[in-house]
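Presented sequentially are two complexes of chain A, the first with chain B as partner and the second with chain C.
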Partner chain A sequence: MAEEVSSQMNSLSISETNPSSSATISLVSGDDIVFKVEPTIAKEMETVQSFIDETDGKITTIPLPNISSHDLPYVIEYCEKSIAGKITKEFEAEFVKKLNNEEVKELFLAANYLNIKKLLDFLSQVIADRIANKSVEYVRRYFGIENDFTPEEEAKLREELAWTFTGVDPDDEDEN
Partner chain B sequence: MANNLNESSSSSSISFSDFPEDVQLCILSFLGPTEIASFACTSKQFGSLCSNDGKLWFTLCDRRWGSKTLITKWGEGKIPYKVLYNTLHEWENLIGFWRRSGPGSAVISSPSLVFFEWGTSFISAFRVSPVQSQSEICDYQVKKVPFLKMGISEEGQIVNLLDPDGRADLNLDLNFGDGNQLNDLIPVNVCFMGKTHFVLEENVFGRNSSPVHVSGEDCGFGGEDGIGIGVGSGSPPDLLMLEIYQHLANRTSPGSDRSRRQRRKEKGRMARRRWEPQHFVKIVNCSPTELRPLQGLWKGICADMSLAFYLVAYDDIGGIACRRLGDPPERFSSYAPVFWTSNATFMESPFPLEEESLYGSRIHLQPVQPHNENHEQFPMSDIEGANHIQQFHLSENEVVNRILLINASYDLVIPDLAAAPINPRSAEGRIWQYRDGTFGFGFVRDNFVIDMKNIVCDGCIIDAVNLSVD
Partner chain C sequence: MKNNKSDNNYSNDYLFYEILVRIFTALHVADLAKASMVCKAWNVASRAPVLWKTLDLNELGMDVPLRLYAWFGEHSSKKMTQILKYASSLGGENISCLIFNYYVYLTDEHLISIAERTPNLKRVVLPITGNISKIGIEIAMRSWGGIESITVTEMFNNANFLNAVGKYCKNIVSLKFTCLFEQYHAEAIVNYTPNLRTLSIRHFLVSMRGLCHVLNSLEHLEVVNLCHCLITDLLEGSFQDYSIEDLRERVDFSCELIICKENSCLRCTNRLRNDRGRPSYENMEDIWREDEIESLAH
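Our next item is the complex of A and B:
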């Protein structure tokens, strides 16, 4: 499998890379779309950087099979802002507004895979905000969690934790 | 591989259960207790994750306070993190400045200002006061005297030790069970009354903070010391404990010599109360904000060349008042402002010539530091001859960014004048805000500027001198 991928990558890099931009790093999404980024961007992604370091910088095309071409631009955008030191509350608010719940989760997993600490913390906060003051049912739906409690068990647990269920917001319309 | 991707994207939703556990914990660490409880009810798997002390509750503690204190060191690392979470959740609000208040506080000679800060495995409080000049040399140094240390014993009991005289080094890693070290220290309860008020009361049962013995005859009676230590950290004094104790005492060993001896001893203890309850009020709005750039606690060299603390407060109708935090306390009790202005609108650069010369003709009151030349922006000898305009631009830090007019004052800087009728001109003055965000103020009648410096930076007292009271 690994060989397959790398041979595939080689063919991609031959066709896509022109010699003058050899300094750029090519990130290949799971659906085989190539994104060219500056090496400084790659530095933000620990997973990518360690890949480059391991090969002494000879390989500049990195396959990212777990990340789709839909999510990767968001990740790159965030890293670009991060390098420029332009991560402000306003930027983050705008950034999040574009994302639905599923996309947040996908990006979160991408950030985890790429090991981008700042993005990971930020998205954790976003997810936490989105389930704040929500009912148990909402949280289950949000995370796709199957309820495996018997009604009796659940009632008992809720009774134990009853004091925490004051001030729960009414459920939003499910975004998905 | 491409297939895998398609499969996962075709499924309608990514389940939280599919996330790696460290990733799950990362998300959960941003939740509050309420959300954690909701989350615990979603399924058995997460119910058990949420009751996992070492994983979930550690992560929660670490997220909130990991940058401020060593989470694993509290209670010698032997207490449940959930206990730690609940404790720190309550204690966190202590961090910052508090002022002693309430009946009788004016007659207490010790400094009224107390500063709470994070320690490695405890929260400690210090009495803080300006260092008073002993000779000619006066500096911006702040005296920091140990006052209170709050921690958790390895049994999970809350141990608050008060250092009434500021003698002990509370920064020593206290073994909370070691009686020897506690001779000078008084166990106390910190009783919270809302968010901005607490009472410090002697914990009369906790004096000999010996470890709890749960063996032999000690358990019924002699263990009273142990019982009292942690109980009611946040609750009113141990009246209930006293009752329980008396009940136990009468039941378990009626008429026994030992019991009577103990009871006498206990009465003796009550009589030898070493600490009268003191009330403390939080100084909220302790630091500047964007809208209130002058707000907070500051220190400055005042007209008599001694260091003083000032508190600048904004009122709801746009006025600003600056008061000197007084030690000795009678100054504080009168509580008249040093300066006051009803209009907080700054005058922006460029300034009219008369404003430039008003500022430029002044000296900055500052510590006399004969051996520290680079600190000297305005050598005293140059006062007379200095070129006004040059002075205006002399120091990078003291380049004036904005000017605010002061239109009223009560003269506390020179107490003798306080009784004299205020003439309008004496009340007139300026606040000069510098480029670094600090500011100085002065009155038209004077020829000097009192510069305000920060007392705290990054949660620590700066220029601190750790002094024990002699």
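Our next item is the complex of A and C:
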């Protein structure tokens, strides 16, 4: 469903057609791949919907510079299921099975950018599940975060948090 | 297709405050505490007020043995104190509802540690087992002077507790008793909680005289939950049981009564056969959690 477009497509194309017609919407990923979707999908993506509303529906090509062509199909898949009312536990379990840690984070940021509430809630839980019962070091590695506490601050926190260091899962490096 | 967003390395300020808070809402207490030591940005986010409105110690994210008197030993008990201190250092003034762990044995040190750090508490659900001194209760209830709602359990079912509530907590509007309700409870709440609006005494033995006193005297009462209760009084050495109709005949009251279908209620039938309004601990956790009054369920 993706088609390559030339770089001048980066500028917005303004449709002259009647806004009430059900023309498809083109979502353009950060790496300039166009995804054509049904206009109803915008209802799930608040950021896209408000973009359309602000221009009275005249704009049907929407650039999404923060979202890659790798992530966008996942987002579209989830939204289409959501519109069809087919988000089930089974679907979500299958959906998340396909994603590695890096992709979960990317999708979370995409969902945040597009303001897709259901997907955000779902991915929050997925991330929470993946860092639950893991060590602080694991979480830092998972998110690529640098420890910016001073050694003194770190030592104090370790003392106060001694109770969390018992019964932690061994770090599971194979997950990625 | 390769992801080409090479600039997307999750540096400390990349995951914004709101995003972190959204993820943190799905974490248990222990994982949230660990998140607070990941980096400074995470530490700030882990203190977000929205994360701490309710501190439910049944959601620790740690292995607590599912039996009463859990963590009775000194080492485990100290661990609980550390948890309470750290959680309240993150959430402290934002905690408005505190639900103790059903299984963990509560000590003075636990109670005082958390009470002194949660000055804005509005509702507390007390645990089933523990040993609290008179001084412990006094300090706790003094710290919780603004409290409005309490779930009382057998271990707090005593005059020290009720007196301390009367002395320090003038804003009580809602009480749930997960223990026997006798005449002296009725006298205490009539004296100490004159503004009571909601009362729940479900699934326990309730004194008929006490109930009449409450319904006659507490003029702000709006709703009383008596589901699965056994209303009774000791008369000349034997128990006389009463129906809701008996109660209506004796007292003229205007508040709403929540009752089960006495004659066809399976729970009541089983209870009368088995425990006569004195449920065993095995059955108590559900009774402690559930309530037909939504604000008293958790």
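Throughout what follows, the second predicted complex is superposed on the first by the 148 of 176 C-alpha atoms of A that agree within 3 Å, B and C clash if a C-alpha of one lies under 4 Å from a C-alpha of the other, contacts with A are read in each partner's own complex, and residues count from 1 in each chain.
Keep this in mind: contacts are C-beta pairs under 8 Å (C-beta built on N, C-alpha and C of every residue); 3 or more make two chains touch, one makes a residue touch a chain.
Nothing here was measured: the structure is a model prediction, and the numbers come from that model.
Enquirer: With the two complexes overlaid on their shared chain, look at chain A and say whether chain B and chain C clash or fit.
Expert: Verdict on chain A: clash between chain B and chain C.
Enquirer: Would you sort A:145 into first (chain B), second (chain C), both or neither based on which partner it touches?
Expert: Both: A:145 reaches chain B and chain C.
Enquirer: Quick one: classify A:71 as touching chain B (first), chain C (second), both or neither.
Expert: In the superposed model, A:71 contacts chain C only, not chain B.
Enquirer: Could you point to the stretch of chain B, among 276-284, 384-392 or 402-410, that collides with chain C in the superposition?
Expert: With chain A aligned, chain B clashes with chain C through residues 276-284.
Enquirer: Once the two structures are superposed, pull the chain A residues common to the chain B and chain C interfaces.
Expert: Shared contact residues on chain A (touching chain B in one complex, chain C in the other): 30-31, 68, 102, 105-106, 108-109, 112, 120, 124-125, 127-129, 131-136, 139-140, 143-149, 154, 157-158, 161, 164, 167.
Enquirer: Going by the contact rule at the top, pick out the chain A residues touching chain B in the complex.
Expert: 1, 5, 30-32, 65-66, 68, 102, 105-106, 108-109, 112, 120-121, 124-125, 127-129, 131-136, 139-140, 143-149, 154, 157-158, 161, 164-165, 167-168, 176
Enquirer: Can you name the residues of chain A that touch chain C in the complex?
Expert: Residues 30-31, 68-71, 102-103, 105-106, 108-109, 112, 120, 124-125, 127-129, 131-136, 139-140, 143-149, 154, 157-158, 160-164, 166-167 of chain A touch chain C in their complex.
Enquirer: Tell me, which parts of chain C touch chain A in their complex?
Expert: By the definition above, chain C touches chain A via 1-5, 8-12, 15, 19, 22-28, 30-31, 33-40, 42, 61-63, 79, 82-83, 85-86, 89.
Enquirer: Using the touch definition up top, name the residues of chain B that touch chain A in the complex.
Expert: So the residues of chain B in touch with chain A come to 1-2, 4-5, 9, 12-17, 19-20, 23, 26-35, 37-47.
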